[in-house]
Every structure is written in structure tokens, then in C-alpha cells.
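There are two complexes below, and they share subunit A, which is joined by subunit B in the first and by subunit C in the second.
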Partner chain A sequence: MTHTSSFDQKYREGSSNGHHRSRRDGRRAGPQSRPFIQRHPSVMIFIACLALFTLTVSVLSEGFGVGLISTSFVKTLGKTLCLCLVALAMDVVWGYCGILSLGHMAFFGIGGYAIGMWLMYARTELIVIQSLAAAPLPPTAQEISQGIATQIFGVVGASEFPPIWAFAHSLPLQLAAVVLVPGLIALAFGWLAFRARVTGVYLSILTQAMTLALALYLFQNDSGLRGNNGLSGLQNLPGQGATPQSTISLWFLWASALALGLGYVFCAWMVSGKFGSVIRAIRDDEARVRFLGYSVEAYKLTVFTVTAIIAAIAGALYYPQAGIINPAEIAPIASIYLAVWVAIGGRGRLYGAVIGAAFVSLLSTWFTGGQAPDTNLGVYTIQWVNWWTVLLGLSFVVVTLLAPKGIGGLFDLIGKGRKP
Partner chain B sequence: MNTLLEVSGVSKTFDGFRAINNLSFQIGEPELRAVIGPNGAGKTTFMDIVTGKTKPDEGRVIFGEKSISLLKLSESRIAQTGIGRKFQRPTVFEDQSVADNLMMALKKDRRPWAVLRFRPRPRDHDAVAQLADEIGLMDHLTRRAGDLSHGQKQWLEIGMLLAQDPRLLLVDEPAAGMTPAEREHTTDILVEAAKTRAVVVVEHDMEFVRRLDCKVTVLHEGSVLAEGSLNHVTADEKVIEVYLGR
Partner chain C sequence: MSRLLIIFWCLICAVPVAAQDADAPIQQVMQAHAVELAKASRRTIQPAIDALIDSGLPAAQMVLERWQAKEMWQDEATGLFVFAEEIDRDTIRIFDVSGPDIGEVPDEGYKQLKPNSGVRGLIAAALVKFQLTSDSPAIRRVALDAIARDPKESHLPALRDAIAVEPSPNLAAQMERLERLLTIPFGATEEDQIDAIAYFEGDLGVDVRAALNPLVSTTIKVAKAPPEDPAVIRVLKPGTDALPKPDAYALLVADDLAPPLIPDTAVRETLIANIEDGKVAGVQVATLSTVQARNAAFATLVAEGRANPAATEQEIDDRLDAYQFFELYTGAPAVALAAQSVLSGIETKVALNQTADLALDAISLASIYFLAAIGLAITFGVMGVINMAHGEFIMLGAYTGYVVQLFIPDHTLSILLAIPLAFMVTFAAGVAMERLVIRWLYHRPLETLLATFGVSIALQQLAKNIFGTQARPLTAPGWLDGSMVINDIVAISYIRIAILILALIFLAVFLIVMNRTRLGLEVRAVTQNPRMAASMGINPDRINMLTFGFGSGIAGIAGVAIGLYAKVTSEMGADYIVQSFMTVVVGGVGNIWGTLLGAAMVGTLQKGIEWLNPSNTLAAQTYMILFIILFIQFRPRGIIALKGRAAEA
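This part shows the complex of A and B:
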């Protein structure tokens, strides 16, 4: 059987003129020499959309005077941007690297707790100093500390600062904690899990276990973080008592937009080059990557830790807008929702994750907020407040089965339509 | 010709089945060697042991002038030390372009931080183009590896191996599923590669082995049955009995 297609012809010619090691000088793939943004137009488009969105919301907000968008809705939008950021992190770790972590919302929560501790401490401190100012004798440092502790921990029957509040007086230290605590937890957890070559569904279960353990720990009153009361009053910035919430909400909207923009560029940079190639290769066939000489464990650990930190930063921006954080926020279900957003938006593409998080979380707010009108079927009235989770679950199943590329896949259709 | 890889007294048992039984094997540099043997002779397990995928129950595996024991190293360390492996089924990263596949395999610093900052220079693109030329995929650089034909995938994988610039290349049935013309080209690539390094080819197809024109090691029940030229081993009584069949 002699198979002589034009293709065979081609390589015969190729092999007949030998293996010239010195030939090739043409084909210096030009596109690589252009700047990062130019090579990735989607990044530019995303940043432009984000800027336009932020500007529009700002101009129409109460803080700016127009008032078409209420302050509470500005906060909802700001929070949504934070959720988009954590979805980006989830997309990198899951969509690109193939690690289905069901624990990234735990890192998000830890970030919130870390910043919440400072917010609560600093504001309570101001209140205590104010109330003690009327006393005949100037209060000692110990009295002030006692006062703050009683204020914060009275609710769980304690009046002393637990050791983990040692740095709560310092904003820089708590900001460092936002990054370091989740980073170190992710590093330790990832090191143990990846080194033992735990993969696939077992790893997902392990991350859920970690999340559950953390939530249960925080639920305890003696965890030092006010048990199930959590931290509250986080929307009040210390020293900004006179600033209206309409203004503060804008500050956080801008900060969240900035963080999302930077996060997007960073993630795009991370997944675009050879690093992106390697982590996608790990997702598709990690054994093969090992035989190429890459330490798969080191890559997974890097991705897991970096995305945990991104999640924590998102959380640190989210909770001051939410005003309250409690252990229920860290419950395993939150991390599962995160995976659902990314799946619906389309994993393996960054804008997909952002779209999924924004779309589903806003829709969720609308449904669960009671704004969705009940649907009367005659025999049964669908109350969307309760049925929303069912709808979400169904759409997750439908997307997974029928449209694995998610909403982001629609962009492929548009692209195909333009250039056939 | 120095000994590059020395496997001595290696045994491996899977659930009571002796896959490798007191196997000893040596290869120099440069050298081309074909390993043949019936199914279950331990060819793939042998490769698994050398590349670190499987740890043997006993024995030694020594590599290079510094006599590094490979048994203590992870798969990725072994690959970095200079051993490349091609699997029976072509395993390329189907979702990525031919160029990306080759770029990933190029011999470079493999640590995450270095890779994160890595941006290809013109000479890296040249190296990729050169390899693509060698394996006949020059016109397919931007194509998705998954869209290549079976034979092209085999070559791409061989190209990725060459890109790693290993001192020892382990190739498992490279000609499986290839057309006669494709086989010929594969033979050329392997013979060329063996001029500067050690290449071990595991193969079923006698015709292909004949074309490689090299020393042959016959494995049977996990140990070496015979070694020598193809004519020598095929004339061996024991080999005829177990492998060629009566």
C-alpha cells in the first residue's frame, strides 16, 4: 500500500533536503514583539468597558448628585466587581490549571475578616475615646483598650482581646494580613495536597473540607472573631463619620474597579505566555508535563497560592461594602456558587468568568431580593425568592451538559460570523 | 563510547505479577538501540522505571558520568537530567498550537517563576521553526495540535523530545499507525537523533527494526533474553521459540 498524498510529497521534499540546523531565518514570529496589550485586544476592550461602566455609575450616583442610581445599588455594583475579581481567580485556578478548588471563597472571607478587624477596632476606639473624654480623669491606655474589648466582645461574653487581634490597631499590618494569611494557608494546604498528588474530585473534596473546617471554627464564640455574630459596621470608615455613605460607596466602587482592572491585566499576563501554556497543559495531561521536565506540583502550588491572594484582596474590598461578615459567608456553598458562576460564564477565558459572576450574582440579587414578580401558574405560585436556587441549579446542569463553553462561548459565534 | 544508562538487577512486581525480573541493561552515548519482545515482556514497565513513573522493588538505575541514581528523583527531575520519553499513543497538548507545544518543550529554565517571566526571543522562535522543519510540520506551526493527523502528532511528539535536547531518548512504538512513507521519515529522524545521543526504540514491527539497523535487545518475561544484531537475535533458538513463535 503506497500512500502518496500531496502531504506525503511535502515532507519527502522536506526530508530530502536534510536536517539543516542553520537554515531558518525567516518566520521570526513578529506578533510576539509587540506590547502585551496590543497582542491581547480583549484586555484593552475589557478595561475600556470597565472604565465606561465605572464612569457611568459614578455620574448617575447619589454621591455625584444625579441620584439615578441609589447608594445601595452602587454598593451592589461595587460588590459585584469584587465577585468578578474572585471569579477571575477561580477561572485561572480551575479553567486554566484544572484544579477545581471549592475553597476559594474561604480565602475571600479571610480577606474580609482581616480588613474587618481593623475597621471594627479603629472605629470602636474612636467611640470609646469620645465617651471617656467626658470622664473627670483622662483615661489610661489600658482603660481605652478595656473599653474597646468590652464593646467588641461583649456580644460573645468576653472582655479581652484574643491574641489574633494583636495587630488590629494597625491598618498596614492588617492589610499585610489580607495578603499573607490566605497566602500562607493556601501555600501550606497546597503543599500538602499537591505533594501527595491529590487530584480531581478528591482535591475538590479536600478543599471543601478545609472550607467547612474554617467556617465551623469561626462559628465558635471563642474563635476570637465574635462567633456567628461576625464583624459588623464595616461600612463605617474610621475617621470618616462626617462623610456620607453615598460618597464612601463611590470610593469603594472605584477601588473595586481598579482592583478588577489590575487583576484582569495580571491574570491575562499570567495565562498568556509560556506559563499559561504550561498550566493549560497540566490541566489536559499532567503526567505528560512531568515528562517534559516541569514540576507539576510547583506550578499548581504557585497558581493555587496566587489565586488565593487575589480572592482575599477581592474579599477585603467586598466586605466594607457589604457592611458585615460572618462565618456563614465562608460556608462551603459559597465556593460552590463561585464554581457555578465561572462555569456559566465560560471557564478557560477570563472575560467569561467576569460575565458569569456579574450576570449570575446580579440576577441572584434581583431574585432573592424579592423584586422578581411571583409567577402564578394557577395551581401553584412560583415564589422566585425560594425557587431561584432551583433555577440556578438547573441552568448549571444545562450549561454543563449543553454549552460547556458557557456565556463566553457566544463570543466565538460572533467571531465566526465575522470572519468565516 | 561511554555507558550513559546502566540498569542493573532491577525487579518490579505488580500484585504478584513479575513485570520486570532481575533486568540488566546498558546503553552508551551515542547509540541507537531497539528493544523488542512479546506483549507483557516488560518493555513499557522498563521505560516507566527509567523515567521515574514506577519505582522498582530492587535494583539500581544509574545515569551519566556522575552516576546519578535515578531512583531517588521525581519524573520532572529525571526529565531535566536529560531523559526524554515518547509514549505509545501520541500525547501532545491538543488544545494548543504546534508552536506552543514545541516552545514548551524547548530546553529552558523550568521553574515557575522563570517561566512566568519568560517571553520568547527571536532565537527561540528560530529554534522552534528549525524543529518544525525537521519533523515536517513547518507549515502547520499555528495549527491546533489536536487537528493534526495521527502521524503528524507522532512527529510533533518526537519534535518535542528533540526540543528537550535529552541525552537519552526513550521511544515507545513510534511507527504505530503510520503509513509506510511516514515510517520512513520517522526512521530518518531517529537515526539522525542517535548520532548525537542515546536512543532506545521499543517496537513490535520487525520491518521497522530492520530499517533502524542497530543493536537489538530482546526482552522476555521481564528480563533480557538475547542481545546483538537483528540477524543474530532472530537466529537465536530461544528468541525464535518465545517471540517469533513456532
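This part shows the complex of A and C:
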């Protein structure tokens, strides 16, 4: 069967594959009458694990005085939670709805930029007001704004606020932008793409092109977002100059954990019930769902937009912990890595995405951080800082070929062992 | 022997005699102007130089050159001029101005002539006359180039004299053009200038535009009423784009027709200067945090007579209305008008040629995209396999070229060898990938995409580990250096022409292989219906493997070509992958002509957008991608959409 083209495959094997998958999912969904949580015991287990993890990290952190876990590692863990959240979004859109989006890291980045604009503005405002306080006349609003603009845009040779910074002074408005900007971009892009019935790999390439266009746009100095300098100093919360980073890192850890918990419950709710059944059916056989009378485009658009917003929220929590955001973070390769995490974790199951993102990103941090000991092969010493990416790429190929269920597939084995 | 000795001794004895040869004609001429020569100044030296040239003596040129090079000395006792070379601090070797060596003498008693730069400039101008009429064409050409680089009014007569005697028609034409060019600024009369300007009707040379532009420069003047002067072009109204109000007012101030405005900073400074006990004019300093509050405080200061009042908008407008502003040519109006008309003709022609140049650029970029995409047109277009590692195959080809050049220093030979080698390397890589990865995933395109991403990431990092992150050179053979220059505006580098030709060759190869060979027939059969093909005795496994290898191999050759004009880095493939897929998708999957059209569209579009916004190639790429996303809305199957059963595959 290896020589079949995608042409006749679609008619012979596609449907049987679909049957297989829906049978599996049907077993997991259970009867509709019981409460949501009871129907999904995995949600409770996940929330419990997450709570335990957060509590343990908090108690052991420097912020609480035990100090077994350094502040930078608390930040790494907090960032990992955000990556798990965006992986969750990726899993819903890809694993459940079958849209391999290579653009969700772009939404993640937009969320980061939106919150970063406020963080940078508010902090620079404090600095400027402080420096102008010594002047003989109290500064006018115009002078302050001028001072902030010169501070922020000096690196790109501008001294005025570009129009997109119009709301940067207001936290509520920028928080709204975190949700609205990626949401609207996803809505517009998704509407155009789904309406034209762009599917499968074409859609993937199109989303990748969108990501590339956004990254290239942000790389320009006159994009209004400081070109390739990006936004920096985001780890300093305005007005919290006296609060140590060890405490701030804990706040963000809690916020990220909360967001991940809520995101998990929301995604679990979304992929259960009728909506979940329809999007899984779209993944398995789009044409059949359309012929059954469902508006496939509306479902896909909803999933695409909602997951884009989740990704943006994850980004808005991630970048204050990372401290800096620049256009390289949005480059297409980031979205590909996101797909890698979900694939290795096991797509089509939410905990798989979380495990994949946490496992691979922490392992990446460990390897690329230079903590992995070099392996001496006698003739050649493998420096894992350099060879990790090769290993990751190849293991990705192996997982795709041999273990399409990913790490999450291991849980099936455990389940089988318990209930023969 | 003894006779020879005698002659030798005679020569030795004769030398000092020659040194004192005060009767040599050239020495005579110089002695006539000895005072000017010894104390040369720019204002007085011209007659002496003229005398030297007018003497018609062959030695005059040598005298001028040596003098210019500060190698002429004067015997303080006799006043005679000699050439001299410094041997050491105290000794010089002197020569008579008519040539013979006199010998080494202490430099006491001799005084070096040191013409200043102004004088040296005049000497150089005089020397040009000799160089322009030199026997050697090379020297004449150098002299012409020197004049063109730094044209001076003094060159003009020499140039005119030289044209009459120039034997080479080619050089004569150049001289004539240069003479006309010099006449534009330096012509004796306006008629001469206008004649010279007319000579350059439609000439695209940058030097022509550089000569004409100063003639049409304008300036804005202000008066109660514009004078009846032919130089006046138009009357300007303040507040328009051509003359914003602040500029107009500044003109009034410059002509002492209005008092200067008080800038905003002055308001601030006046306020600061008048702070008393934390108050300004009775207002608390702390409340002065708005522009209105500051203006109010300033108005109070003015009312108290402690500051000069600032002009109101109304006053400014009244003052501006009282005068008329007009633009006029700085130079002679007749010349300016002539220059203007020739310039506008030239500009039209320049615009046309720039369009042609842009079209060439677009074609060249299109050929690069086509080259990058043609391998994909096979693997993706014909086989329907998404290969995200295609860009890395391009990179692999380029690195193969680089490695070949490490071993073979001859660039022509190494490139000729690199092309088949790159094909073989990437063919092997493609076949290996097809066997190991892709054939298990033929019915799962999304997973093919992911798996090939994995390969792409791994290959990219592997290249980084082996070759490092810095760019490696892939040097083109010498005969591909430089560019084909059609005129001053339209030019295209030979490498780009080579890439265009290579792209056309690939197109031909693709068409021949697919339509005229057994392999092509089998590929098409397997693509359309693999089971039917298999039952006809074709081995689909083998065909898929070969097709994929063929597509990958072409990517390798494309890599060599792209590496020639761009640097070889591990990320070069990633730079092209999205554009390549765009090219194939926009053109229409499964049709090579579609890919060609797609490449043409993407290339033209990108160059066109770059032209609209020349400072920014990043923006051009951004808008191009956005355009393509929109384009796919209207033609989801590309420019050339396959119809019927083939479209379903």
C-alpha cells in the first residue's frame, strides 16, 4: 500500500481511519448526562497535579525563603507553563480540528508585544517623570510624552509615538489588545482562508506565510515596534521597583498556572460535547461533515480564532517573564517547534500537548543552556549545545513515523494494562 | 682605446659647461620671468606659465612637471634654474633644465621652488594641454578622465585645441562631449551655453544631469511686488506645500521685514527666569504643567512688561499677506529655461530606462525564484509530496560547491564540477529521504510536512555544526564578474544573466524529461493512477524514488547558482522555502508553466513594491506575501489550475 497516491487513498483509507478514531474518542466522551468534571476525570487529575506543582515550586522558591529553586528557574518553570498553554491551543486546532496552523506562535508573539508595549511605556513614563521632576517647571503632558518617545524610539532613530502606540498608556486597553488584535487577525485570516476552501498542507503553508509576513514586518525599524531591537526590560513591573524579582517571578508563576488551569478546563469543555464531536469529524472527513449540513467554515473559524486568543494570552504571560521580545521570536521556526512539541507529546489529547511542551522545552533549555555534559566518543566530542537540535529534528521524524501518538500514547498502554 | 678615453674625459669636462648653459632657450624664457617663478603666486604667475607654453619648446612640459612636483631649484648666485633630486639632507643631484646631469652638490646656494596649491592647480591646467596632445593615447585618455573628474574653466581652451588635432575618432568624440559638457557651466556667452545644453538632448549620462541641475536651481525671494524679471518663475502663496508658513516667515525675518518669532522654548525659559518664591507672575510653579497655564502666565508677564509679546497667528498672517513670495532662477533665465527643457526630456527618458531596468531586475529575481521552486514543482507539483527540507537541499548544493572550491582553486573548473556533484549529493539525499521517511507517509500529507520539517531542522543544524555560522563564499568564475552595461541606468550583472539562462535550461530539461522520456511517461502514469501504472509493469516505488531524487537534485544545482550571488549559510534554504512554495501554489500545482508564471508574478510584484518603497525590502516581502494570501482567495488553485481528473489527485 506504500505506493498509493493521495488520490485514491482519500477514498479507500481515509474513511476507515476516521471510523477508528471516532470509536476511540467516543469511548472517552461517555454519556452526556453526567456533570462535565465527572465525564472527564483527566481534567481533575490535571488540575490537581498543576496545583501540587505550583505549591511545591512556591514553597521551595527563593521568594518564600527556602531557596531550593533559584529565581531564574522559577521563571523558566513559569515560562514553561505558558508554553504548555499555547501547546494546548495548538492541540485543539491541530489535534482536534485537523488544522495544522503554523501561525500560532505569531499570535503568541502578538500577545507578548501587546502587553510589552504597556510595560515599556509605563516604566519609561515613571523614569521620565522622575528625571523631569528636577526641572524648574513641572513638565506638561506633551513634554512627558516626548520624553518617553525619545527614550523608547531613540534606538530606531525616531522620537515620536507611532499610531499603534495610541493605547499604550492604558493597561486595560492593552489587555484588551492582547485579546482583540490576535483575535481579529485570526478572524480575518481564517475567514479568507476557510472561505476559499484552503485546506491541508496549503493552509499550513499559508499560515506559515502569514507568520513570515508578520515577522518581516516587525523586523523593519519603521514598524513602530523598535524593529529587531524588540521590546525589552519587560521583567520590571511599573511601580514595583521595590519588589524583588523572586517575588515577581512567583506572581507570574501563579498567574501562568491559573491561566493554564483555566485554559485546560476551557479546552476540555470545548472539545467535549457536540462542538467537540463536530470539530473531530471535520478533522476526519471534512466533506462528509459539510454534506451533513454543518457549516464547516464557521466551526473552523471559531476554533482558529479562539485558539489564537488563548495563544496570545499565553504570550502575554510569557514575555514579562522572559523580559524581552523581538521579531525573531515570531519567525516561522517558532511555530514549527510548537507543532513539534504537540506531536511529541501526542496530539489529539490535551494532556499530551501539555506533557510534550513541558518535556521538550525543558529538555531544550537543559541542552542549549550548556548544562548537558559533553559526550566524548573518542574520535569526536558531542557538544550537546550544538547537537541537540539535530537530535530534536531526527527524533521528530522518528516520532512522526513510528509513534504518531507521541508520549501520550504511553498512557494508553497503562490504561490497557489496568483494564484489559 | 685612448681615443675613447679622450672622448670620455671631454664629456666629463663638458658637463659643468652645460650646467652653466645660461643660453639654452628654455632657460632664457625662464630667466625672463625669474621673479615671478621664484616668488610664484596664483595672481601673478599666469604670464610666466603662458610664456613657457607659448615658447613652443619641447622642454617646457618637463619644466612644468618638475616645477609642479617641487623638483625645481634656483642657483642663488647666478639666478639660473635647475632640476634637482634630494640625495640626503644636505646634498642634491642637479640637472640642467635642458636635460644633462650636472652632479651631486651640497644644497647650500640652491633654493627649492615650492609652488603653493593654487599655483600647482594652474600648472596642472597648463600641463593638460601637453597631455591632451601627447603621442600616447593612454595619456590622452588619462588626461580626459582627469578633466571629467574635476572640470575647470581653464581646461576649456586646451580641450578645444586638442580636438582639432586628435587622430583617434573615438577619443575625438569623447573630447567633443567633454568640451560641450564644460561649455555648459563655463561657456563665454549665454548662446554658447544654450548651444552646449542642446547638444545633450536625451543624453542619459549622470554627468550631464550633474551639469544641468545647478543651472535650474531656484531660490525664493520676498518683496512687496514681484519684479519684472524673466528669472521669476512663479508667485508662491505661504501655507502651501511649496512654501510652508514657518519658512515664509523665516524669509521675512531674514530680510528684516518682520521681527523674529518667539519659540516655545523661549516661553519656557522666560518663565523659568521669572520664578520668584516658587511663583511666576503670581501663579504657583507647580500648576504650570499644561501649555495653557504656561501661556497664561506668559501673557501676565507680557502685560507686566517683563517679556516681549509673542506674535499671534493673526499678526503672522498679516505680515505674510503684506508681501509677495516668488521663486526665481538663480542663474541666467534663458540658460535655465534651455536646461529645464533638456532636463525634462532627459528625465522622461530616464524614467523609461528605469522601468526597463526594473523589469530586468524583476526578471532576474523571478528566475531566482523559479530556480529555487523548480525542484519543488517536481516533488510537490508532480508527486504531491510536501518537502519542507527542500530549502536545505538548496543549501546542501551550495555547500557542495563551496567544498569543491576548497579543493579546486580554479573557479571555472570548480563550478563546472560542482554542478554535477551537487546534483549527485542532493539526488542521493533525496532518494535516502524518500526511502527512509516519505514513502511511509504518502497518504498522510500533513505528517509528511512534519517529518520533513524534522529533517530540515536537523540538516540545518548539521550544516551549522560542520561549517559554522558565518557565511561561506562561493566564488563565481572571473568571466562572470561585472555586469552588462547598456547605458548609465540599465545594467545587469553577468551572474544574474547566467542564472536566468540556467533557469531556462532547467525549464527545457524539465519539459523534455517529463514529456519526451520513458521516465517522464512513467512518472505521469504513476502520478495519475499508481495501481493502473503498476499493472502495466511500472514499478511505482522505483519511479517515486527517482522522481523525488530528480527534484532534489535540481534543488542542489539551484543551490550552486544561488550560492554564487548570495552567501552560503546554513539558513539560506530557509530564506527561500516559503517563497518557493508560494511560487508553486500561486502558479498552480502540477504545471511547470504555472510555476514559471508564479515566479514571474512573485518577482515582478516584489520588485514593483520595492520600487514604490525603495528604502525597504522587508516591507516589500511583507506586502508581497499579504498580496499572495489575497490572491489565493480569488484563484485558490493558482494561475493555471488543472482541470478534470488530474485536479483531484
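Heads up, the rule we're going with is that the second predicted complex is superposed on the first by the 389 of 420 C-alpha atoms of A that agree within 3 Å, B and C clash if a C-alpha of one lies under 4 Å from a C-alpha of the other, contacts with A are read in each partner's own complex, and residues count from 1 in each chain.
Note that in this section contacts are C-beta pairs under 8 Å (C-beta built on N, C-alpha and C of every residue); 3 or more make two chains touch, one makes a residue touch a chain.
Quantities reported herein were computed from a predicted structural model and do not represent experimental measurements.
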item: Subunit A: partner with more touched residues, subunit B or subunit C; value: C
item: Touching partner for A:Thr140 - first (subunit B), second (subunit C), both, neither; value: second
item: Touched partner set for A:Gln220, first subunit B, second subunit C, both or neither; value: second
item: Contacts of A:Lys274 with subunit B and subunit C, given as first, second, both or neither; value: first
item: Subunit B versus subunit C as contact partner of A:Phe291, first or second or both or neither; value: first
item: Partner chain in contact with A:Val201 - subunit B first, subunit C second, else both or neither; value: second
item: Which superposed partner A:Thr302 touches (first subunit B, second subunit C, both, neither); value: first
item: Residues of subunit A at both interfaces, subunit B in one complex, subunit C in the other; value: 1-4, 7-8, 14
item: Subunit C-facing residues of subunit A, complex; value: 1-9, 13-14, 98, 100, 136-142, 189, 192-193, 195-198, 200-202, 204-206, 208-210, 212-214, 216-217, 219-220, 222, 332-333, 336, 339-340, 343, 386-387, 389-397, 400-401, 404
item: Residues of subunit B touching subunit A in the complex; value: 51, 53, 74-77, 79-80, 84-85, 87, 91, 93-96, 99-100, 103-105, 110-113, 115-116, 118-120, 122, 125-126, 129-130, 133-134, 136, 138-139, 141, 149, 160, 164, 179-182, 185, 188, 192
item: Subunit A residues within the subunit B interface of the complex; value: 1-4, 7-8, 10-12, 14-15, 19-21, 23-29, 32, 270, 273-275, 277-278, 280-281, 284-285, 287-288, 290-296, 298-299, 302
item: Of subunit C, residues touching subunit A in the complex; value: 268, 271-272, 275, 285-291, 294, 384, 386, 437, 439-443, 445-451, 453-462, 464-465, 526-527, 529-531, 534, 540-541, 544, 574, 578, 581-582, 585, 616, 618-619, 621-622, 625-626, 628-630, 632-633, 636, 648-649
